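For reference, the structures are reproduced in the following blocks.
Look at the two complexes coming up: chain A is in both, with chain B in one and chain C in the other.
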Partner chain A sequence: MATLGEHSERAGSRLRAAVHLASTAVGSIVDPVTERDRTRRRIVALCAPFATLLAVAGAYPLVEVVRISVSAEQYRSVGFALEAYGTLVTDPYYRGVAFNSLWLAGGTTLASVGVAVPIAHALEKYDLPGEDVLVTLVSFPISLPGIVAAFMILVLLGNNGLVTNLAALLTGRPATDLAIAVSAPGLFVAFCYSMIPRATLILRGTYAELDHAAEEAAQSLGATPWRTFRYVTLPQIRPGITGAVILTFRTGLAIFGTLIVIQTVVVWTLQISRELATGYDIQVAGAMATAYFLFTFAFTALGLRYTDAEVGL
Partner chain B sequence: MARITLDSVRKRYGETTAVNGVSLTVDDGEIVGVLGPSGCGKTTTLRTVAGFETPTAGTVAFDDQDVTNVPPENRNVGLVFQEYALFDNMTVGENVAFGLKMRGIAKAKRRKRATELLDMLGIGEMADRDPTTLSGGQQQRVGLARALAIEPNVLLLDEPMTGLDAKLKARLRDEVGELLSELDVTGLYVTHDQEEAMLMCDRIAVMNDGRMEQVGTPREVYESPATEFVSEFVSLDAPQLPFVQW
Partner chain C sequence: MSVAPSRRFGRGLVTATLLLAVGFLMVPVVLTFVGSFAGEWSGVLPSEFITLQNWREVLGLAETIGSQRSMGWNAILSVGGYTLAVPSELIFSVALALGGVFINLVVGVPIAYAVARYDFRGDEWVNAISVLPLVPGVILGVAFLRAYPDLAGTSFGLIVGYSLLKAPFMVMAVRSEFESMPLQRLEESARSLGASWPRTFLTVIVPNARSGIVSGAIICWTLAAAEFNFSYIVWAKGTQPLALFLQRHISNSSFTKAAAAVSMFFCIIVVITVLLQQVGSRGFDTRG
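Right after this comes the complex of A and B.
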């Protein structure tokens, strides 16, 4: 049996070794000797701006949010209490909000990826007339704020919307009965509008690396276009589909601007805003933000663990 | 197997003419080498026979059946690619059996046929392997076995030896040449390597700038070139050619 003194001596020597290693590493970066040292220094220089941003604007606020969420008092980070988390778990209202977020993000993810696959397929596999214009049209909603996307849905599907009035004209029913902009389906469409371009972006990258010769081989062997897609194309684009699912699901959970205009379904982000702006329950808001972060992080990590998807954490 | 007839086939891409009035007949059981420099239209010609390109003008027929507008999946064409084009998500055996699966052949029968072909090509023990773990020569054998498994009307080979090292190329050339003769396959063999074309093909069609410059036996093409281009193109590497087989 080792004595306490031996244990502390071992720990001390490990610490000294670690400090020595760290100081050697820092020394080789500050004053590089070998090409490997110089490469290290270049990597550090390239990553330093983001590492600083991550520490200042990412890690520190996150730690603060977690501290707020477990604070025993409002407006001051003191003590330790899990009351806010208890509220999220036991209150049916918050469970309902979580459920809304999951079905809305999940449903719109499936729909968006489902639409993006044929778009990416057509854009990458065929020479389309006016392809540059099509690519611009498909990708420009990425740069639109969610609030503008919601406004466009109002213009299309609201009481005076173009589609609504066209449907009213065709069916003979009043436009107010057919307007769906400020409803769950309207919100669904608005979400998809923002998410389809993101899914398409990922999938186009995957399609660009597709082995077209393998597809032609399958066709020459008697596979119809659909069976070629099923047996040859789909296995090749599967990582891209997984990547698109991860990215769009995360986008679906994060959308907020659209919900300012179309507040039909109360989801997690909207509720965080309400907790901060009108409920003044800063601990619950902190707990919601922490839960959101942990869920998104775990979802992405799991997604990447079981696939070789092309989306980072 | 079937006779291939190309009648005045022309293929244009916008202002560019890739194939310009090509007429060619490949008799049942004959291997014709399509020889020419890069960009001369030989691959476009092969893709037109396979059905991946529809000619701007002219017709393609297998025996007496016009297949000009028949989609590739209904032509029963075996295709061997330069870059192998194997299905990485399937084993070697599944690759070879794929065409049979598309035809609704039972699994046991598919497996038997795949094993036979792989044995014939000397890679029978590799049926359960991931194709990406095979060497270039082995992958090309799998590609050939896969194309032959469907008992195609015609076999199209698009520069199948390009990318292989010289020693392997020579060995594979002999083996594949013997195999194609044995199986009495009707085939188009696209290559820019005249040695390969002269050793493996019954006749050679020399293409230049989308046109067929000359079609004839290797000896005819070499000894009586029809045009200056054929003369220059064929004689370039002539001293290295082993003509002993003539």
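Right after this comes the complex of A and C.
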């Protein structure tokens, strides 16, 4: 009994110390004495509005989603059960959906960043006539939602599409046989339509910080343009490219509107919306949302921590 | 002596890639705009020019039925028999996006200043959290439906969702503007002339950063007006946000009519961008 009392007393004094510490910390913010305290109060005041929005609109709803996804009942958050996650792991259908998401986003990321490097190179290094206009034109699609990107692909590659009909004229085959807009390749191109401008934006930021003197030195020492790019430019922009790959991959995983118009490949985001549309299975949708959040969070954190990635915007 | 292939072709190839990419991105935009004035689009190029029928139907000026239903019109002002009416979907989205921008200003400008001006423990984390999108629209939509089942589909729910989704763009634009300013010097001169700290922030720092703030507002506005994923998940009834209206036309309407709906969206983006740029270059000037 004595030890128990001693324990609780020690715990009590520790608690009192903690409360005291917390109250001085709060006190120094509410009623600052030193300039350092005042600065701290300013920082807290400046961050408070964002923190409030993040807590109310971001953190609390996400916690609710996690709670329903591990709930023992379907429409109320009670108890703890991992049935929804069990479904995701064991059902081969969901594994297929996850695989679709990963290859589609991964493939389009590599293609988009691959195209964005020469675009950024040309825009930042060459003195092209009408460069401002070109920058505006390349940036314009950033503000287009995925549904419009999908429509753009229908205009190019659909049954009525420009490219489709040109190909039909050249080969003599009917246009409907050649239309690829509503197919996996069409979807691939539609993803690239959304992602190339974003990757270009990031890489232009990287190119703007390049050290031109080193390139000029290499050129004047007789290096060909390719060798200059390979051994002088590329090592400098590699962190930027890694950063662009991480951010573009996140964009690719998040694409949804495009898939509503071109519903040929079922990916994670589309499946989430289908869970809600057919039978309102909020538990599985919640588990999918949680899995998505954890995956992108881990992927971004690890990517930024263990690669040389630089994200400069 | 042979010339290295990269010297002969390198620049040409890179430039060609750029031009091809611009073509890939822009040809469908131009074609859509042109096609929206066409009566027929079943061959390689649209034909039967020039008709305004598609635009009239999309804007709700001509009779339409069923799933191809067009915009409703709201009377906002009635003077002596003349009624000033506006397309409801359009105005609704303009207002929603402006609401989102307003919240973005209130939350984004201060945190950008905190990160740019002060060194404090955890500032890297604050920076990372404020510029990386937390979750995509679909996930946030599911979360809103779960946490606020009654509020999620309302205008207020949409505005709050938009503001969280687009906040990183505001923070990035404003922070880079702050970083190019001599913040400490500005703050210290204002303080030494007797201004309190809140006054310094509101009347000296913020007006000086207006070009960054305006460009952040432009970006956030266009992205919020075009937001589809979140709206699609949470929207339940009433006036449709613009992006849903577009999707309905793309999925259900004739090709030329969908082209008119998408072209209308292009026009809005261009008009608002120009408008806000004008505000940025003149409107905030207090010296008259």
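Basically, the second predicted complex is superposed on the first by the 265 of 313 C-alpha atoms of A that agree within 3 Å, B and C clash if a C-alpha of one lies under 4 Å from a C-alpha of the other, contacts with A are read in each partner's own complex, and residues count from 1 in each chain.
The criterion applied here is as follows: a contact is a pair of C-beta atoms (placed from the backbone, for glycine too) under 8 Å apart; a residue touches a chain by one contact, two chains touch by 3 or more.
Just so we're clear, the structure is a prediction, and the values are computed from it rather than from any experiment.
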For the overlaid complexes, name the partner, chain B or chain C, with more touching residues on chain A.
C
Identify the partner contact of A:68: answer first if only chain B is touched, second if only chain C is, both if each is, neither if none is.
second
Touching A:274 in the superposition: chain B (first), chain C (second), both, neither?
neither
Which partner does A:47 contact after superposing on A: first (chain B), second (chain C), both, neither?
second
Have a look at where A:224 lands relative to chain B and chain C in the superposition and call it first, second, both or neither.
both
Would you check which partner chain A:214 touches, where first means chain B only, second means chain C only, and both and neither mean what they say?
first
A:119 in the overlay: touching chain B, chain C, both, or neither? Say first, second, both or neither.
second
Overlap the chain B and chain C contact sets on chain A and report the shared residues.
224-225, 227
Show which residues of chain A lie in contact with chain C when the two form their complex.
38-40, 42-43, 45-50, 52-54, 56-58, 60-62, 64-65, 68, 115, 118-119, 121-123, 126, 128, 134, 137-138, 140-141, 143-148, 150-156, 160, 162, 165-166, 169, 193, 196-197, 224-227, 229, 250, 253-254, 256-257, 260-261, 269, 272-273, 276, 282, 285-286, 289, 292-293, 296, 300, 313
Going by the contact rule set out above, which residues of chain A touch chain B in the complex?
211, 213-214, 216-225, 227, 231-232, 235-236
Give every residue of chain C touching chain A within the complex, in rising order.
4-7, 10-11, 13-15, 17-18, 21-22, 24-29, 31-32, 35, 41-45, 103, 106-108, 110-111, 113-114, 118, 120, 126, 129-140, 142-148, 160-161, 163-164, 167, 171-172, 176, 197, 219, 222-223, 226-229, 232-233, 243, 246-247, 250-251, 255, 258-259, 262, 265, 269
For chain B, which residues count as touching chain A in their complex?
50-52, 71-79, 81, 83-89, 98-99, 102-103, 143, 146-147, 150
